[in-house]
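Two complexes are shown next, each including chain A; its partner changes from chain B in the first to chain C in the second.
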Partner chain A sequence: MTPLLALVRKELLVLFGSPVAYLTLALIGTVTALLFFDHLRIYNQILFLYTTTVMGGFDSGTIPDYVSVRDTVFLPVMEQLALTLVGLIPLATMRVFAEERLRGTDELLFTSQLSPAQIVGGKFLATFVFVSLLLGVSFVYPATSVLRAGLGIEHLLAVYLGLFVLGLGLASIGLACSAFTTSQLVAAVSAYAVAFVLYDFGWANSFVGESVAVVLDRLSLHPRFAGFAEGVVSLADLVYFAALCSACAVLARLSLDWLRIR
Partner chain B sequence: MRHLALPGLIALTFGVGGYYATGEFGLFSTANLLAGAVALGASAATGLRSLGELGAASARRVLAPRLLFFALAVVGGAGLEVAAHRSGSRLDLTATRRYELAPATRKALAELPGTLRMTLYYEALDPRTRRIRMLLREFARAGPVELRERLLDEAAEDVERFEIAFSNSVVVELGPRFEVVERPTEGTLLEAILLLSTPPRTVLDVPRGEGERSPARDDERGYAGLAHALRAEGYRLRERVSAGHPEVPEDTGAVLLLAPERDLRPEAYAALRRYLEGGGRLVALLEPAAPPGLVALLREFGFGLPEGVVVDPASGPVDGAPPGVNPIAFVYAQHPVTRGLNSDRMTFFSIARAVLAARKPTPADRLEALVYTSPRAWISPDVEAVVRGVLPPPPAGARVERTTLAAAGEFPRAGGTARIVVFGDADFASNRYLRALYNLDLVLNAVHWATQREVDITLRPKVITPNQAPLTPRQTLGMLYGLGLLLPELLLIAGAVAWQRRRGA
Partner chain C sequence: MSSARPQRTDAALSASEPEADTPPRRGARVEARELCRRFGRHVALDGVSLAIEPGETFGLLGANGAGKTTFIRLVTGYLLPTSGRVAVDGLSPDTDAQAVHARLGFVPETSRLYPDLRVRSFLRFCGGVRGMRGEALEEAVERVIARMALRAVADRLIGNLSKGYQQRVSLAQGFLHDPALLIVDEPTSGLDPRQRAEVRSILAEVRGRRTVLLCTHDLLEARELAQRVGILSRGRLVAVGPAEEVLGGENPLDLFRSEELS
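Here is the complex of A and B:
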């Protein structure tokens, strides 16, 4: 096993050696299931109302086109899941660098065969594996239900890809924040703040001009995810998330020298 | 002061979070954002002083390349993103390819006489705007389109000027003219663009007064949808009471006969015959009970119109009717009218009669079938039973064979070449069925061909019917317990075991 893979394995073992990882996975699975169930229940009720004779029925074109499994159930839940990721992923990333630095075990890492860049890469990779698991757990129930209802596997994959790259982007932000502090609390809170601000710059539209708003919109996480949610995979969106992850990784690498000097 | 950073970040998070929750800056969000900004500012000012520690030459030597690398990563990433954005590379993975524009839309955008402005008016929390925003971007990619967005609350003047009644409305402007699209889809936006960019250049003469269907009626049996689509494609519909004005006016591009129930007056038939002999154009939509005078006139031009209703067992029970009486056609002849239609692009007919390309009146004439049934079809003479919703058995000796539901012909005559298209059904173009499958394309392309506007023959955007597949309460609950909750429960059990093991170790 290469030193890099050994580091990834060690990170995952540490993560799954404590109940926090399981708790996070179970939490996101439960939240998604309950959200999805609730939307499905409401959708069925709406359909029932529209199919009663009083309101016309299926054949009379009375059901608005936005009442469908896709629009009434799946997409809103995926939107909420994206926001849930903003809340949960910093919990998983806060300890990755900060805890190691607090305990002083980072010095041990630096004496290993791994270069600082490889250390950062290994930690990022382990976190990305955890994010994949997080999404896998949250996706099983909605995906099965929606496939039964006929959304289309390709669209489903696009949404999943969107959540995945969004998760990687959020994890990268969380890791970069964790890399600059010894406090897990500071790491988590600063990751929340950055992620919330960056999630959607719509809040800033009231203060800035139209041209600045366009630039801010392209910097935001949520509009990027929205394309995937609509079933459109754009190269620009993929490049955006790749660039975000790379910039955060470079920043985390920079933090190693920064904190050593300080 | 540095300890203010953490409370500042918390306040900032709640400030932005409050905005996401409500879609506006209330007292809570604003106060949090301001407090967060002040706290972070104070903390940053203190922190900046400590940067002096990093000013040493040795520190600069280590950090400078790293900072440069970070700057390069950011600039490089931004550059790649801009290049990818400009390339427009993307995959539409929606089941119905809803963000791939139809040929008709691309053609209309490519032929725009100037820059088109499309403004989306929306309310802050309207979830539909995202989809229409993405669709509008596709329009902008395909042609000279300037996109704008306005919040309804901030555009009171525009709301009054354009009479915008709903959120998610799009105002399409071309020069001084505009159209308001209240339920924007690719199809409705295309119609607006066509209405603005295509001045009426062909007059369609619509005889009335003998029980013809009305192009003004907007209920299910009416033809307002067809009339609107024709106007969008550059036609002006002119209704004419044939009893009082039998002559077909000279400026007529084509006569559109919408299923007359009674025979036209003899003088009207005579005028129509003269018009056609003089190189006129006719698009006739017939019902099984078409008046005998009209049937006789069409037979003069070689169309075979056997009495009865086509029954095609290959078509299942559609729209509550017995199986086979509402044929779904998927076989077409090679003809400009059916260009682009194939076995995947079907058309739907409701209680139709057969229209055969029977016999050319002169050798120079061209007469062709357009739309075929399956080879298992036969013609039932019992029209009354079919209309009542009863499927009559095939009469003894009935021929089971592929038959045709529409035909078209060109007839060179002394006064010019007449063009006639005859459909054995009128309902297929009614408001109820016009947008079903490819009916709209078939009827519009027939009019284009008849009026010699073959260049306008195309395939238009389809109306996407959302999938309505309710799960039963039992299925819904079953999946919640089976998948939704079981998996988290197992994970928690695994976590508990891992924790206990760790404690034991």
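Here is the complex of A and C:
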């Protein structure tokens, strides 16, 4: 086992040694199920109204396009799942660097064969594995809705790629926040603050000029995810999330240097 | 003040050239020259010059806040010096970190462990991040488990162990890769007399075979284990010499008062 893999394994062991990992996984499973069945109930109600009361039958051809599994169930669930990730991922990332520093165990890492870049890389990698697990737990209901409604596996994969890169971006923000503090609470709150502000800068449009609004929109997480939700995989969006992860990793790496020279 | 005349520390230190990456058999040489470390306006170490020879057990003594832990952190490369130089076998902990860490076993204070890991998993992790793998890793883990009498608790969570056992786990990870230089920080702090005796007997076993830098404020421990000792007071090395000579005076506690020596 290489030093990097040993670190990744340890991170996962520590993560699953605490209840936080299980609670987060249980939460995302529950939230996804609730969202899915709630939207399915709404879809069924709309469908019932159209087929029985309003238009008088299923074959009338009068059900509008927007009353579909895609628009009434799948896309809203995916949108809300993305927002759920904003709420859950900082819970998993808050302890990664902060706890290590608080306990002083970071000295064990620094006196090992791991370079500072490998320490950051290992912690990011382990967290990314956990994000993948989170999405795996949430996969079954959206997959059912897509396959049963005949939307196509390509659309489902595009959305999950979007959720995956969004999850990695949020995890990177959380890790960077954790790297600058010894308090898990501070790490979580700062990650929430950054993630919610960055999620959608649309709220700032009325306060800034049009050109600034365009820039803010391009920096926002949600518009980037929206493309994936529509089934469109764009290289620009992938580059955006890769740049976000890289910037956060560089910040976390700098925090280790800052520790040594402060 | 002690009746013995401690050797002053401004004696010239011999220069040493960097050696090959292979750790030497008997122990590593540690050398500090005019080592200074400031934290803002606070001077933690002030011009410390010191040489520890291969195979020597050197006791670094001082009251709390004297600069012992700062000195350790500069040797391990966890901190960078404000000025001056520190080297292990002529290698810089900053620029030749991996080569230095290959020679280094670091035993921090008891609390710097992962309470959510089991003893065996923790030792495997420590070996893994030091580049050990496969059978060699498993053999090393079993060897230190036997040597530190950890068999009975090998599959228990570290957080559930007594302080004495936790300290043995800490020592076990330090011995895992049979390092040329063992740095031990307050090894018997908070232990009962029996546990202290056990830890001291473990450290006594390596005397003469490996270089040991023992940081403590326990004079008895230093006298029992160390061949030479240095006294740090307010960041300055105020005395250094053979343990019996430096600590053999009528009232060795006077050595902790830097004003009387400088």
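Some observations on this one:
We take it that the second predicted complex is superposed on the first by the 254 of 262 C-alpha atoms of A that agree within 3 Å, B and C clash if a C-alpha of one lies under 4 Å from a C-alpha of the other, contacts with A are read in each partner's own complex, and residues count from 1 in each chain.
The working rule: a contact is a pair of C-beta atoms (placed from the backbone, for glycine too) under 8 Å apart; a residue touches a chain by one contact, two chains touch by 3 or more.
Because the structure is a prediction, the values reported are computed rather than measured.
Shared-chain residue A:V232: touches chain B; no touch with chain C.
Of the two partner chains placed by superposition, chain B and chain C are both touched by A:I261.
Of the two partner chains, neither chain B nor chain C is touched by A:Q184. When the two structures are aligned on the shared chain, A:S18 is found in touch with chain B and with chain C.
Using the contact criterion defined above for the overlaid structures, shared-chain residue A:Y141 touches chain B, although it does not reach chain C.
Once the two complexes are laid over each other on the shared chain, residue contacts for A:S220 go to neither chain B nor chain C. Which of chain B and chain C touches more residues of chain A is settled by the count: it is B. In the superposed pair of complexes, A:F36 makes contact with chain B only, with no contact to chain C.
In the overlay built on the shared chain, the residue A:G152 is in contact with chain B alone; chain C does not reach it.
On chain A, the patch touched by chain B and the patch touched by chain C overlap at residues 17-18, 261-262.
Taken in their complex, chain B has these residues touching chain A: 5-6, 9-10, 12-13, 16-17, 19-20, 25, 29, 36, 53-54, 58-59, 62-63, 66-67, 69-70, 73-74, 76-78, 80-81, 84-85, 87, 89-95, 98-99, 127-128, 130-131, 134, 319-320, 464-471, 473, 475-476, 479-480, 483-485, 487-489, 491-492, 494-496, 498-499, 502. By the touch rule above, chain C contacts chain A in their complex via residues 39, 73, 76-80, 97-98, 101-102, 104, 106, 108-109, 111-114, 116-117, 121, 124-131, 133, 137, 157, 173.
By the touch criterion given at the top, residues 16-19, 21-23, 25-27, 29-30, 32-34, 36-37, 40-41, 43-44, 47-48, 58-59, 63, 65-71, 76, 83, 137, 140-141, 144-145, 148-152, 154-155, 157-158, 185-186, 189-190, 192-193, 196-197, 199-200, 202-203, 206, 218, 226-227, 230-236, 238-240, 242-244, 246-247, 250-251, 253-254, 257-258, 261-262 of chain A touch chain B in their complex.
Contacts from chain A toward chain C in the complex involve residues 1-3, 5-7, 9-10, 13-14, 17-18, 103-105, 107-115, 260-262.
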